[in-house]
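Alright, structures below, take your time with them.
Below are two complexes that have subunit A in common, paired first with subunit B and then with subunit C.
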Partner chain A sequence: MFIIGELINGMYQDIAKAIKEKHKAIIQKCALEQVKAGASALDVNCGPAAREPINDIQWLVQAIQEVTDKPLALDSSKPQVIESGLKVIKNKAIINSTTADPEKLQALVPLAKKYNARLIGLTISAKGIPQNKDQRLELAAAIVAHCAEEGFPIDDLYLDPIVLPVNVAQAQMKDILESIREFKIISEPSPKAIVGLSNVSQGASARSLVNRTFLVMALAYGLDGAILDPLDKDLMDAAITAELILNKHIYCDSYLEAYRKK
Partner chain B sequence: MAEVILEKWQQAVSTVNIGATRADGGSRSHVVKVGGESTLPFLFSEGSLPNRPVIAFELCDIVPADWPQELASAYGAGFGDPLSWAQKCVKEYQAKILCLRLQGAHPDFGNKSAEEEAGLISALLKKVDVPLIILGCGDDAKDNLVLPAVCQAAKGERCLIGEAVQDNYKTLVASVLADGHNIIAQSPIDINIAKQLNILISDMGLALEKIVINPTIGALGYGLEYAYSIMERSRLAALAGDKTMACPFIAYVGQEAWRAKEARAEAGQGIIWEMLTATALIQAGADILVMRHPLAVEKANNYIEELMRTNGV
Partner chain C sequence: MFIIGELINGMYQDIAKAIKEKHKAIIQKCALEQVKAGASALDVNCGPAAREPINDIQWLVQAIQEVTDKPLALDSSKPQVIESGLKVIKNKAIINSTTADPEKLQALVPLAKKYNARLIGLTISAKGIPQNKDQRLELAAAIVAHCAEEGFPIDDLYLDPIVLPVNVAQAQMKDILESIREFKIISEPSPKAIVGLSNVSQGASARSLVNRTFLVMALAYGLDGAILDPLDKDLMDAAITAELILNKHIYCDSYLEAYRKK
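Presenting the complex of A and B:
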């Protein structure tokens, strides 16, 4: 599974403080801890309160690149912030994210092509969050069609069905899971499926349990990647075990250790 | 014309260097490199095979009890005398690497001491200058005495030493680590044990790049297809990114082929049996083939040359 560590985000107080005070060591420690725990890539988000995100994202990218060559997911709703990050990135890049809105696609797909970056597409539009599977698939198809027209490789496209908190949108969970499977049949080669996992447990009390149960189920529906907290060991163990059951790795008694040696 | 769909692999098999030249702190004339494939066997359009499969001549420190006369006569007077036997393989048959089995250390076959075997290794290293594969006698308790002494006698020569098994690997791993050799990890046609053993060995500090997997093979007609599918599955996992499976394979072709009753049924048939077992295993991805009859070795070598020639054509 492609795991994007979510912890470098200005939404968290320690990270926000480190960005504000330009305290590199805190960011670098957070990067390395996530890599050690099994992250395949790292999300980089300046946070909602950042006053100078265009500068901050460059500082974050440069700080992280000093300690790891893992791919970085530039996470912002503003295309100019993403472009600013791309200008200084040396590692492989992931654009997190575009929506299905034409103006977003027109801004971000050319950037993804120019910088040879992977692209995360949210099945959401200016009209709002989709309410069922059909709306998700319609938006997904619009993103795939746009990418195909622009010559962006569909292999490098990750579609996110928008995971909603289970305590507010319980009726949609099954639709979200089924969307993951159906994303794969939109085109050949097929786009990949990814989720921002933690949202599923937003406001719930047993967050870790809800996260890992959803993740295991989503993997069974064909999920390829997730943005999550790799320091949650139970979550990582559950994901590795789910992939084992799906015959993605060869079993051995130390399979958890074997996976982490990768 | 239909479009050819090429697989994109994540990782190559590790390259194991057997033998150390003077520049590397040893006394061998050359290094035999095995592994390094970044594709399935001979699919040159999807990746590269930087090192061709190699054939090691198998020899024994005593007259091997279970080798038929046809093999004995191929080696003539030197048969059972490891020093002249080794020299014959190198001089007459151009062996690039030798595999010495210390069967004489076995309590049932002479019970030679650790000192005797270590002395033999020292003498052999002086007699021939090709890289060596050294195997114990198969008795765990005795091997745990003999192999450490042998490892020490060949210190710095970067041999390939075997074999570690799931129930007996610690002594050998420690010796191999101390004296700078590579190790053979044996699993009984069981991919799960192969993976587990590699992890256990690497947990002791020996790099995965120093391990050669003996997946255990069967000869033609005796389970060859099981060996083939195990090797194929391991290799697919390795190419897909599983580091713990990304080791080259060693296959004891001669040992298995000459056990078959068909190989002993009439003169010449054993050579064919050994050669055909080898060709199938070459296709399965074997990196080192340990073989017995010089003619079977020659034919298998020609086969390898032919396959390697298709590279880029």
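Presenting the complex of A and C:
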């Protein structure tokens, strides 16, 4: 699976402080720890309190690129912040994210095309958070249709069903899982499915347990990627084992270590 | 989910010895520990080396019934051993198990009817272990058809797709999971799906991790029950959390404890 490490995010105090003080070593350590733990890519988010996100994201990207060449996911609700990051990214970037709103799609799909980036599309719109599977599929279809019209390669599109916290939206969990399966049959070639995992346990007890249980279920439904905390070893063990059961990598007695060394 | 505790089985040395020496306290302790850990029912198997299984199973059932009124699953390949156990069982029994072979069905379905027992049907036949989903569904359909003809209530039928070890049959795991989903649409009312869980990790490293990861996936595919080790706390935590996500019980901050107290 495509694992995007979530920890370089200005909503965490230590990262916010490092960005403010331009303390490169803290960011680079956080990047390397996630890569070592199995991240395929790294999310980069200046955080809600950033005063100069257009500059900050460039500084973050450059600091991280000094220590790793893993793909970076530029995480912002502001297209101009994402474009600023794209200008300095060396490898194939990920845009995190567009919604199904026409103005967002019109701003971000051309950027994704121009920079040959992957694009995460959230099945959400100005009307609010979807309340069931049909609403998720309707928004997903709108995103896919827009991308297809613009000539954006659907292979590079990751649809996110919007994972809600289990403690407030328990009745929607099955719909969210089924959305993952149905996203894949919207078009041929099929878009990929991704989730922002940690939200499922927001405000819940036993967060790691809830996260890894949901992730295993989502993988069984065909999930391709997740934004998550790769330093959660139990979570990574569960993900690796789920992919073993799904025959994505070959069994050997030391399959956990073998996967990590890969 | 319907959890059948697997530990009262003569293939374990301590249980075999207790059966041989008619040491009731060991069996009763094993029964109570499993019930306390969350078992909804208990498997009862005299083991491969039992010399007098027809008597032994009655002794086991009576010993267990002195300390718990949980349903018991009579686990034997010999119909006469199962019938012997049925004669002394007080509550609704589970017959574990029939295969899809006509002679097995002809022996066990009438017994299940006569004693108002639940019946586990393995999708296996004298031809061997099924190699893919279609073979599983064909055998499942044969079992359902036989039960329907005999007037056995399909609500009380649990189909088992035959879980193979991940280290020898990795390519079949997805088929096994999908069989669980498809069993449910064979008839209306639908049969239930059950697995003998531990086999998935037979000979593998990280057994508990493999067991719980497969169980979570199977629950996401609609599994109703499993024969498993309820003393594996991580496994039970995973099962309870999977059912939470599937909205089978209501979230509260102490949902793990709340479920166990139930």
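Keep in mind that, in the parts below, the second predicted complex is superposed on the first by the 262 of 262 C-alpha atoms of A that agree within 3 Å, B and C clash if a C-alpha of one lies under 4 Å from a C-alpha of the other, contacts with A are read in each partner's own complex, and residues count from 1 in each chain.
One rule holds for everything that comes next: a residue touches a chain if its C-beta (ideal position, glycine included) is under 8 Å from a C-beta of that chain, and two chains touch if they have at least 3 such contacts.
In this text the structure is predicted, and so the values were computed from the model without any measurement.
Aligning the two structures on subunit A places subunit B and subunit C side by side, free of any clash.
When both complexes are overlaid on chain A, the residue A:Q131 reaches neither subunit B nor subunit C. Put simply, if you stand at the Cα centre of subunit A and look at the Cα centres of subunit B and subunit C, the angle between them is 70 degrees to the nearest 10.
Touch criterion met: A:A204 reaches subunit C, while subunit B stays clear of it. Touch criterion not met for A:Q106: it reaches neither subunit B nor subunit C.
Touch criterion met: A:M173 reaches subunit C, while subunit B stays clear of it. The larger set of touched subunit A residues comes from C, when the choice is between subunit B and subunit C.
With both structures placed on the common chain, the touch criterion links A:L244 to subunit C but leaves subunit B unconnected. In the overlay built on the shared chain, the residue A:Y221 is in contact with subunit C alone; subunit B does not reach it. Contact with both subunit B and subunit C is seen for A:S254 once the two complexes are overlaid on the shared chain.
Once both structures are overlaid on their shared chain A, subunit B and subunit C have a minimum Cα-Cα separation of 7 Å. Overlap of the subunit B and subunit C contact sets on subunit A: residues 250-251, 253-254.
For subunit C in complex with subunit A, the residues that touch the partner chain are 166-167, 170-171, 173-174, 177, 200, 204-206, 209-210, 213-214, 216-217, 219-221, 237-238, 241-242, 244-247, 250-251, 253-256. Residues 249-254, 257-258, 261-262 of subunit A are the ones that touch subunit B when the two sit in their complex. Within the complex formed with subunit A, the residues of subunit B that make contact are 191-193, 195-196, 199-200, 202, 233-234, 237, 241-245.
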